[in-house]
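In this document, chain identifiers A, B, C, D and E correspond to the written order of the chains, with residue numbering beginning at 1 in each.
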Amino acid sequence: MKERSSGLQSRAAGLSPGSLVHVGERKVDKVRIRVIDYDGDNVFEKEVGSVEECYPFRDTSTVTWINIDGLHDADVIGKLGGHFGIHPLVLEDIMNTTQRPKMEDLGEAVYLVLKMIETGPDCEIGAEQLSLIFGRNYVLSFQEKPGDIFDPVRERIRKGQGRLRKMGPDYLAYALLDAVVDDYFVVLEKLGERVETLEDELISRPDRKTLGDIHDLKSKMLFLRKAIWPLRDAVGRLERAETPLVKETTGIYIRDVYDHLIQIIDNIETFRDMLSGILDIYLSSVSNRMNEVMKILTIIGTIFIPLTFIVGVYGMNFKFMPELEWRGAYFVVWGVMIAVGAALVVFFRRKKWL
Amino acid sequence: MKERSSGLQSRAAGLSPGSLVHVGERKVDKVRIRVIDYDGDNVFEKEVGSVEECYPFRDTSTVTWINIDGLHDADVIGKLGGHFGIHPLVLEDIMNTTQRPKMEDLGEAVYLVLKMIETGPDCEIGAEQLSLIFGRNYVLSFQEKPGDIFDPVRERIRKGQGRLRKMGPDYLAYALLDAVVDDYFVVLEKLGERVETLEDELISRPDRKTLGDIHDLKSKMLFLRKAIWPLRDAVGRLERAETPLVKETTGIYIRDVYDHLIQIIDNIETFRDMLSGILDIYLSSVSNRMNEVMKILTIIGTIFIPLTFIVGVYGMNFKFMPELEWRGAYFVVWGVMIAVGAALVVFFRRKKWL
Amino acid sequence: MKERSSGLQSRAAGLSPGSLVHVGERKVDKVRIRVIDYDGDNVFEKEVGSVEECYPFRDTSTVTWINIDGLHDADVIGKLGGHFGIHPLVLEDIMNTTQRPKMEDLGEAVYLVLKMIETGPDCEIGAEQLSLIFGRNYVLSFQEKPGDIFDPVRERIRKGQGRLRKMGPDYLAYALLDAVVDDYFVVLEKLGERVETLEDELISRPDRKTLGDIHDLKSKMLFLRKAIWPLRDAVGRLERAETPLVKETTGIYIRDVYDHLIQIIDNIETFRDMLSGILDIYLSSVSNRMNEVMKILTIIGTIFIPLTFIVGVYGMNFKFMPELEWRGAYFVVWGVMIAVGAALVVFFRRKKWL
Amino acid sequence: MKERSSGLQSRAAGLSPGSLVHVGERKVDKVRIRVIDYDGDNVFEKEVGSVEECYPFRDTSTVTWINIDGLHDADVIGKLGGHFGIHPLVLEDIMNTTQRPKMEDLGEAVYLVLKMIETGPDCEIGAEQLSLIFGRNYVLSFQEKPGDIFDPVRERIRKGQGRLRKMGPDYLAYALLDAVVDDYFVVLEKLGERVETLEDELISRPDRKTLGDIHDLKSKMLFLRKAIWPLRDAVGRLERAETPLVKETTGIYIRDVYDHLIQIIDNIETFRDMLSGILDIYLSSVSNRMNEVMKILTIIGTIFIPLTFIVGVYGMNFKFMPELEWRGAYFVVWGVMIAVGAALVVFFRRKKWL
Amino acid sequence: MKERSSGLQSRAAGLSPGSLVHVGERKVDKVRIRVIDYDGDNVFEKEVGSVEECYPFRDTSTVTWINIDGLHDADVIGKLGGHFGIHPLVLEDIMNTTQRPKMEDLGEAVYLVLKMIETGPDCEIGAEQLSLIFGRNYVLSFQEKPGDIFDPVRERIRKGQGRLRKMGPDYLAYALLDAVVDDYFVVLEKLGERVETLEDELISRPDRKTLGDIHDLKSKMLFLRKAIWPLRDAVGRLERAETPLVKETTGIYIRDVYDHLIQIIDNIETFRDMLSGILDIYLSSVSNRMNEVMKILTIIGTIFIPLTFIVGVYGMNFKFMPELEWRGAYFVVWGVMIAVGAALVVFFRRKKWL
């Protein structure tokens, strides 16, 4: 699976730290930059063509959300990062899509990197890296490709629903984080359904595909766990962070996301336990069924063995075999054989072997 | 199983945080609101028709317990929560029946969410979410459906038994929590009996149903563990909480509940260990029995193989086979065959294969 | 097994906390109360008929040890507890024999509950609950039934051996605790011998009983672990307790008990590891032996199969089979068959299958 | 495997602590000493013939990097260490190539020992010990043999690229550490590819080699884990170290390395989990395939058993067997046998055994 | 195995704490007392006949090392302990050879108990208990029997090598501890070699002995782990101990021993992991080989089954069987049988079953 191989590449050895090199698959052709600027009263929204158009927003008092779709253009990210005073190591992390989720307090800003997870129709899992940076009056978000996950947040900003317009960039960052974590529930629910389908299948009719499915789901759970487990720490540190950038009113919302993450991890662990249980049951019932078949076949063989012996006896060519001469001996032998066969069947039934 | 799939849904993605949406199965038609108001001298008890009737109790000095049965009515919970000054995120949690047990210090009140667990006649397990909020002079309790678990507490209030009437809302909240935890013992005892029945069955007569039963009990233990484990943390935090809402005299009682929870978790872990042991023994004895059967069948076959060979020899049609001519050769061959068969039986007995 | 089911019952749901109800098996008919009162110079010892006779000892300056055998009489325990000012929840715990070992600092006294463990002749394990309460000048001990485990302590008090008479109630409590823990060593040693016997048996001659024995010992280790593990915490807390009731000179002795408990737990874990190893070896050698038997049986069959084919060939009734006419062909065929059989035996030997 | 046996030898028993004895394989003939001395403006680089030539650099204000290739010469290391005031125990550690990665704050300098890991063409893994010591104005690095891993760092010093020339010895030490850790990614990526190849192979065509490969990869992961796990602690301590030798500007870079290490360990754990899963699947599919083969063979046998019985019946030599006389009986028997065979095939198909 | 049963006996129940009773095997006849007294300038060494001769050394300013070989003489240990002011509980511990390694700060002295481990020619492991007590100017060491492990230390004292003569009793205690820990490396290296031999054997030719060897090595690793794991804690506490008895200059040496212990434990864990892997591979390859054999045997049988059927057909005695009359039919049947046999062989080859 593609997703599992990620998380391994680093910058090419020998490059100076802080060099901006894109690591990962390039998912879009052109970088797309969208700016939303708002305060309680007004909203301004624009898709800009060059990074420079974003510069003026740094110094306004309104909240500015700059969303970058596409991480391959070192020029765009370098310029934007430079203008907003982001440390080169952080910019390097943004461009390297194999980051482990983490939170860093940069002093003037907070950096949070995490994975957006999506499932396809066949439950295949894809991950996209999202970097969030928020400062005093701005939020920068870096995605690998455009997606619709943040559209509801944009809509809430446009319509002034909820408290989003009244609060600062920390709350906007929370809203984005919350949208991503809510999506985890969707993914997990899909996988959970498959786990339960598998469990039901197991009881009704296990086949060889089951084994592959169990393995596949286990790998997916492992992948989710690896993507989400460190995020819990990161959000926990965000909650406890003593940065003035996270206001106290936002703290309770971050605590809520943290609770959701614990709940998700709890569920992943439960699913992993269930899958282990299913695997055990599967293996033992496959082995039991096989043994059952072999036993029945062997019993069939065992019933015929003495009969074949008997017919062999009367196939012998001795000159003097009294039975051969007797009239009706043939039918007596048939009777004996039927009796022996029946006796064996009864015996095996009694022993509960049949 | 139904219960295991819970714990996964969150609010529909895109909804603003704090939106009151009921998540979970709707278990009652109409929300039922019961109010008990008491102090050391008087008790007042009423089932009210509308939330507004509860409002006045907020400002009395007596202890008021408002019990809500049914979580699907956002209007009722929103109004009540608004009047008592509960944070919208908490109200959202109350209506979402997939919460993980937790405790939150809301400043003016303490919020505790936990699972009530009940068993049916066939040991099937159901969980219901209970939210407890207690403040300076009130306790709010939110259940999914009416139940009889709190009736003894109501009775003690009515009769003025014990210290319940003399103490504050923290003690009432403790009494409710204690009633739920006492019920865990009942559930666990039932499951424990089944584990022990299973163990006895295992030694006397294991069959295929056993495997399903082990799997089923393991799932149930997993479910209990998931429901109770986080409650231990929550109650632990409640005990250590530096909130003036929990008086020192109540602290020792909460410590007692905490001890009970540790004892319950201990037992769950023991049962899980026992079930693992039972599974191991089951698998190995099933496999042993099967092997035993195959061995005996194979031995039967092996005894007849040389005999069949012998009769085959004398079935050959060679012109010159001296034995065929001999009188009595037939009986000698029978003697030889019986001797060979007996020798093999003795040999296998000696080897302890039979 | 009886002992494993314990640890589950709590007070009947609906009872007010602090209600004195005996939970557990009633092991004696009548409660027995023994008082020993001593200081450096004098010892007074008496078996009293009613609780009231113990009252005066509360206010003497000498050390008083009141030992209660039998926990079913709520009246006796209630009165005694009331007179010595013990919290009702603690009295409830004393009467409920399903407690998890724990230590509680009651301010005026220290409460320690633990399990006394004894083995019968067949290594069956029984547990009895012991509650110790010691205050400024008294020790109360509550056992389920009279036993001889404390007799050596009584003897040391009577004879004034060691430092027991010169020290306070904390040292007496330590001496009782130490007697119980020393008994754990005896139990563990017995079980350890059985584990080693099992290991030796395993190598010489494993049979089906072995599996049951392993399972039985594993259950016993689980039971011991559950009884002793929490006691370690309790004693650890006692050692670190900042209560003036535990004098510094006694502290080093409690530390010694703590070390013993760690050593015991260490050994339990080692035995559990050993049992797991024994189980693995047992299962794999049972399976190996079975396979070995099947292989030999199959080889016997396989040697006869071509021979039976050969005799079948010459049993055919074709008119024109030159060999049948030849003189000596019969003996040649015998030679061929012996050669084939021998060749197969040699072949299987070479392959190390035989 | 060679690498696994390392990590065991200590100095020969009886030697005084601090005795300089080389432990490990000698990988070069002659010790090679390279000096690079630089500040923001100038770079001086030289391969020196004797240790004494390095002495003057201790007292210059420029940053000096002395690289030693070859650890077997106690004289060289003793003199250099003596001149730079390194504790004899540390020098002993440098010469003993079986060190566990660790960091030590020596007061005047910081000592870091770690493993450089390289893979050969066949994925075989080799480890080389690297000791780094950095003080106020120098970095000493001790390698077992010359390698090209630090060449890019040298190049950056020569060309004045990045911030290397502008920063102190702590940054140089970081750059070396970073080069080593970057190499871990390369190694892990190679191994990861093999794990995934293995997984694909498993599904398409498992054979006996697979088992050896799984075992081999598991050993390699164990080896990596043992080499890298303690380095995480060491780097973590370096980051938190309150030594003035590590400047705050360098701290963020060390944190970056620390994150990389966590990511690497995460991946190792994931690979280990994957390998366990692969092993389970492998074992169960090997066993399934084997059982399948045995089942089909047994079914073939079972189909012929009744047929052989039938032909046996008509091979009997009874005088009075009516069927033998009938014209066409022979063909009827053939018909019967074909019918029986076909019926059995259909029966086994229905049962899904075939 | 003898060594595993240790660690269980405590003083006979009922004995007063602090009673000096020897627990364990008596390994020497007569207690041997050796005294070495030294300072920077002089060394005095003597084997004394009675404890009393050691008394004067307590009050000299030189460092005195009193080494006792043999722990069964309560009189010797009691007197010596009494003179040096050692707590009776500690003396009890010294005489009980089943102690868990631990460190105790006695105020005026430090008590360290640990295990000396030795291997015999056949890799059998023996443990001996060593108690070290060091105070302001003395070191007492208690061994079960005389050994040569401390001879190099004695030699270094005599010759004045290293810093031993210049430093205090804490450094001497370190030197003894270091000698013991260095010996662990030797033992572990021997076991490690056996683990690797086993791994090589496994790949070339596994047999039944392998299983016993794996079990044996696992037991040994368990034993080592139990002996060394707690020592790590003890040495860690010694390093952090805030006792003036351990000087700062000695601290770094103790830290070095601590590092060695971590390295040893690391290796034990690695070996345990390797053994588990080896066991898995062993079991699966034994089972594979067995299955392979059974498969080949069954295939041989299956090839002959249709042939035997064919010869059976022509053994039938029907009057009208046209084939029997045909000239050459016999040879045609042979041709058919060879063809069938060859076809089956080809078929099984194609299927890769052969």
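Going forward, contacts are C-beta pairs under 8 Å (C-beta built on N, C-alpha and C of every residue); 3 or more make two chains touch, one makes a residue touch a chain.
All figures in this text were calculated on a predicted structure; none of them were measured in a lab.
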| item | value |
| --- | --- |
| Neighbouring chains common to subunit C and subunit E, by label | none |
| Shared chain contacts [subunit B and subunit D, defined touch] | A |
| Chain copies touching (subunit D, subunit E) - same or different residues, decided at half shared | different |
| Gap in Å, rounded to a whole number, between the CA centres of subunit D and subunit C | 43 |
| Centre-to-centre distance between subunit D and subunit A (centres being mean Cα positions), rounded to whole Å | 26 |
| Residues of subunit C whose C-beta touches two or more other chains | 287, 294, 298, 301, 308, 312, 315-317, 321 |
| Chain contact graph, described as a line, ring, star, complete graph or other shape | ring |
| Chain order, ring traversed from subunit B with subunit C following | B, C, E, D, A |
| Subunit B contact footprint on subunit C (complex, rising order) | 1, 4-5, 7-11, 13-18, 87, 89, 98-100, 102, 208, 211-212, 215, 218-219, 222, 226, 230, 279, 283, 286-287, 290, 293-294, 297-298, 300-301, 304, 307-308, 311-312, 314-317, 321, 323-330, 333 |
| Residues of subunit E that touch subunit D when the two form their complex | 149, 151-152, 155-156, 161-164, 175, 178-179, 182-183, 185-186, 188-189, 192-193, 196, 203, 252-253, 256, 259-260, 262-263, 266-267, 270, 273-274, 277, 280-281, 284-285, 287-288, 291, 294-295, 298-299, 301-302, 305-306, 308-309, 312-313, 315-322, 351, 353 |
